[in-house]
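One chain, subunit A, appears in both complexes that follow, with subunit B as partner in the first and subunit C in the second.
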Partner chain A sequence: MDEPISAVGEVIAVTTASFVAQSYRLNESPAYGSLVLTHGPDGRSHYGLCSGIETSGIEPGRHTMAWGNADEAAGDIYARQPQLAHVLRTTFSCVVLGYSDPDGVVVQRMPPQPPRVHERVWAASRTEAEAFFASGFAYLRFLLRSGVETVEDLIAASIGFGYHLRGGDYAFLVGAGRFVASLLADDHDRLTAVLELLAATEEGS
Partner chain B sequence: MSLDVAATAAQVSTMAQQLAAHAARMKPVPDFARALLAQWHASHAEAVAYLEGQEQAGVWPFAIPIEPMLTVRRVPAEPVAYAVVAADGSQIDVDSHGLVHCCLVNVGWAAIAYGDRPDAWLANEPAVLHEDRELFVEADDGMREASESQLSMLRTVAEMERLALVAEAWRDRPGLVAIADGNLVRWELGGKKPSASSAALLHRYLGALAQLRAARIPVCGYISRPNARDVANTAALLAVRDCDRGKRAVCDRCAGRGDRLCESLRVLPDRDLFPHVRVGECTGLFRTPATVLQHYAPDDRIVFCYLRTAEEMARIELPAWCTGKQELNAILSAVYGQCLRGHGYPVALMEAHEQAVIHTGGREAFRQLVLAALNENQLEAAISSKRLSKDQRAV
Partner chain C sequence: MNDNARKRRPDRTFRAPAGAPLGMITRGSLLKGLQLRLEHGTTVEDMRVGRFVVIEGEENRFFCLVTDMELGASNERVLLDPPGLAHPLVAEMLRDIATFGTVAIQPMLMLPRAVEDEMGWPTKAGRMPAPPDLVAPQLEPVRTIPVHFSPVYDAKEDDFAKVFGAEDAQHFAIGMPLNMDIPVCLDLERIAERSNGVFGKSGTGKSFLTRILLAGMISRDIASTLVFDMHSEYGWGTQSEEGVGQRRVLPGLRHLFGARVHVYTIDPESSRSRGVAVDGELQLGLNQIEIEDIALLEDELDFSSAMLDSCYLLRSMWGKDWLHQLLSSDPSALANVAEGIGGNRSSLAAVYRKLSQIRDMAFMKPCLAPNEDRVEELIGWLERGDHVVLEFGRFRRPLVYMLVANIITRRIYDLWVRKTESYLLTKQAKDEPRRLMLVIEEAHKFLNPRVAKSTSFGTIAREMRKYYVTLLVVDQRPSGIDPEVASQLGTRLTALLTEENDIKAVFAGMSGGEHLKAVLASLDSKKQALILGHAVPMPVVVRTREYDDTFFAAMKPRDAARRATPGRDPLADAFE
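Showing the complex of A and B:
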């Protein structure tokens, strides 16, 4: 059984292949490399991979400045400046990896339509995440083409997410590593970077 | 054509020379003023009696010291738990060359609680004014379009009303203090014969002040870098009295000067008069004999003091009922604490301003909304030829 979870944020901008969501809680967001979902009214759910997290001022022209000073007593700045929770916001970017229709079958490909703005965003439940990884590693190809900075780290983080979700499934890690090796066969440096990160994932488990 | 920089430069140069000459003339004035204040500090009752005698003359805005002139008060430490509310406003003025004769007043507010249960409430509420009764005021020669300054008075009144409402909503918060942006003496609504519209605005403003008093929520106005000269004028009045018993013959002090020291005092801002007040201290209280205060309830008549923060000398205005020890301490400690938390300016006022301000994007959005609404109702959406010409800048 999945544990009941609540929405983590709300979509505020979409493109064909990505969306940005605002977190409901300041300084909290889905983990980098973790899977999230939106559920549309037509029964279609979009899978996204958290590819970046940012906290900054809500007003575009307002600069965030240091509030404290070196001699100040320790303490939570958000308690000392309670208005900060209202003038800052945390957003996270997601690469769209695929979708599932009401029948529950996951398709790893670009959806015909992106999620709608103001759709709520949920961390993928264990069942949803397992269904996603059960549908293969084709999403890694999207990631390589996504133009996301530090894409090697993102690939490794997403594989690590799946590995831990499946209780440290070594066969999963090896399968993913082989798939990455086939994608990056002609780019030794990038492949090495991903494999080193995956080795660290395995050691850290 | 572009600006004639050469012609402007010559005038700027003349201006700078005159400023330098003025600065040289003013150099001995602060010391003169402080010596006067020190002299009258020791004769407080005599100063008050003399100044009250001058009250009816009403020549200059001046101040009557409630406490001896050089009184200094240490601001109590910021309470561990307290709350502040502040309001501020901005507006999109009526554009007579624009699409519709209307304007927008946006009032923003910030309520912040400190202590065990930190909390904040930041919001704003716009009001679109378009009816004739809102945009025209009664004048001697019939109805006349409200001027920009009259609309800004309307905004000031809306800010005070909002401050009272927000403060009421937060009245259960311990140590609540309300902070308005700017002064609480509505000089512009007074005068010997205020118009019906000014009287109506003043009535609303005083209603909000009375509401805060009824709820026992201490209120003050915070003025950053004040240019007021009430205390300097007071010093000038006292100097004139002593200057050859009012005959104003040139005395020894002014020998060799083209102007009189006592008259030069009148261009000195009050904030330069109190070097003895250190950071975290404020001056004694002064009351102002402004005629508009006769319309205020006696308990709401405004008094003021100057507070030195780490960055500047600020002016604090407050109603008479807030001069009780408890209310005064609550106001001073909250305002000074706010300045310490806010890079030298009260955090709540800064946030209220941020809520109220209408940026370029907001102004354009308002224009687009008006345009869309006119189109939807099949109304003509035309701007004047002058506006069109200015926008196009055709060559």
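Showing the complex of A and C:
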């Protein structure tokens, strides 16, 4: 059984291939490389992959200043300065990876419509994540063209997410690595970077 | 699949045989061969040079031989910066994608699919039985190549049976393919049609291969055979070569086929000491030796052409009996003889000295009367369809072997030419000469470029096919054989050869031979052979049939097999 989970944030900007969401809690966002979902009123759920996390001031143009000083004793700054939670916000950006219709079948493909702004964002449940990874590795292609700067790490992180989700599934890891190898056949340096991260994932597990 | 989808895309799934393909064809040409890219899960180490594979093309099936293998990489950088031993996982991920194995395969035969469906290939409607007369003749030489990405499969039993047929009166199983236990059959009629060669380095099983082939010829009664048996190993028993500890005596052709094989010897003493019975002791007379025989022995006797000229002069003086006359002369009289023929005295002395060794051979008589002539009898057996093994006993010197073989062969040659000509005249079936196969060892000595043109062996190899006589040359140095003769050999059965020139010589006169060089060089040193040429539809590597009890039992004539008591050792039967 899936553990009941609550929404982690809310969509605040969308494009065809990506969306940005704001976390409901400061400094809390889905993990980098993890799967998130939005559920539309038509029963269609959009899958996204958390590809970047940012915390900054809520007022554009206003720079955040350092609060403490060098000699200050340890302790949570947020406990001592409760107003911070009201002037800062955490946002995370997601690459759209696919969608599932009410019948639950996951398609790794650009959705006809992106999620709507103000839809709530959920971390994918175990069942949803497993259904997603069972539908193949085509999503890695979306990551490669997403323009995310840290795409090698993102690919490795998302594969690592699936690997751990499936209880350290070695065949899954190799299959994903082979898919990356065929995608990056012309770019040996990036390929090596991803594969070595994957090898580290396996050793670290 | 719904109806619309079927309209768009033809359903070809019924064509695929069971089992996963080895890979697919990615590039290639008709001349240079095709390239098979291996699927994930199959590595180059699973493949073997010489293996028989089948390509499922769009319209044809192609029967092919693996000739080479190569390691490839999609990106040179992978090779400059290999994943290394520290990252086995990375290496595994790259395998078959960034790094992959390719296999060179040579298409040898093709079978149009339309024909094949008639022949009983799996069709949508299920498997149809093949009409028996539709089998082998429909195989065509390769005239096209398969389309891109045609899947390649390991050959199945069916495929071997389609190409190499099954044993029958004309087809004889010579061995089994490398990776399967089903027979590969030779077409013995085609063997008998032309001269053939058995090659291989010393100790690679040439004589076993020859013996098996001869057993096939005799058991199917395709042609008479005359074996010039240099090492006395074909007639009666021979030692197996299974290592010193397990040596045992294996039965020879006489054991297997009884009185249909006649064993003659020129060295009765050796036969007695080996305890084998012979059907006849052969003697030759100096009056039977002609200058052509001596010319063949030029190397062995260390004869110069001036000495040969002296022989011609002697013959013109003394006639047919010249050699006897010369060798019975007193050495001191040679000066007079030289004067008489107008030749050089020292040259004549050398001729005398060198030819003396012929006189000293035990089986050589000064003059043989026609009633003592066993050669006549020997040839008589051959005419009547029996088989003869001529043992040389201790006379293993090439000099003796070549001399005797040449004298006998010359007579056979003359006789068969006469018989053929009379047959052509009468055109009566009863006058058709019996086909005859002569087996000679150390063939390069008879057929080297210098002597091949003048000996009867050279003539037989080149043209005696028309006169019902062919050669089976057994040799370890095919490169020594006159290329003109080598290129006429119909079928070549070759065990391992490593010397570059020998390998080249085996493929002389065969198109596409260069692709098979790697195959030949990679044979096991024992019990494996590459067979190519006239008697097989395509070149094939076989594990030679075992020369064992099963084989002996299979060689027995039908009625004898019925007589054999069940449960008895077939070898004991064979020795009876």
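What we mean here is this: the second predicted complex is superposed on the first by the 205 of 205 C-alpha atoms of A that agree within 3 Å, B and C clash if a C-alpha of one lies under 4 Å from a C-alpha of the other, contacts with A are read in each partner's own complex, and residues count from 1 in each chain.
The criterion applied here is as follows: a residue touches a chain if its C-beta (ideal position, glycine included) is under 8 Å from a C-beta of that chain, and two chains touch if they have at least 3 such contacts.
Worth saying up front: this structure is predicted, and the values here are computed from it rather than measured.
After superposition on subunit A, the partners subunit B and subunit C are accommodated together without colliding. Of the two partner chains placed by the overlay, only subunit B lies in contact with A:H86; subunit C stays clear of it.
Angle at the C-alpha centre of subunit A formed with the centres of subunit B and subunit C, after superposition on chain A: 160°, rounded to the nearest 10. With both complexes placed on chain A, subunit A has more residues touched by C than by the other of subunit B and subunit C.
Using the contact criterion defined above for the overlaid structures, shared-chain residue A:S182 touches subunit C, although it does not reach subunit B.
When both complexes are overlaid on chain A, the residue A:H118 reaches neither subunit B nor subunit C.
In the superposition on chain A, contact of A:E59 is made with subunit B only, not with subunit C. No C-alpha atom of subunit B lies closer than 51 Å to one of subunit C in the superposed arrangement.
Applying the stated touch rule to the two superposed structures, the subunit B and subunit C interfaces on subunit A have no residue in common. Residues 59, 61-62, 65, 67, 78-83, 85-87 of subunit A are the ones that touch subunit B when the two sit in their complex. Chain contact summary for the complex, subunit C toward subunit A: residues 40, 74-75, 77-78, 81, 83, 87, 89-90, 92-94, 96-98.
Interface residues of subunit B facing subunit A in the complex, by the touch rule stated above, are 110, 112-114, 118-120, 122, 341, 343, 347-348, 351, 354, 359. On subunit A, the positions that touch subunit C within their shared complex are 173-174, 177-178, 180-182, 185-186, 188-189, 191-192, 195-196, 198-199, 202.
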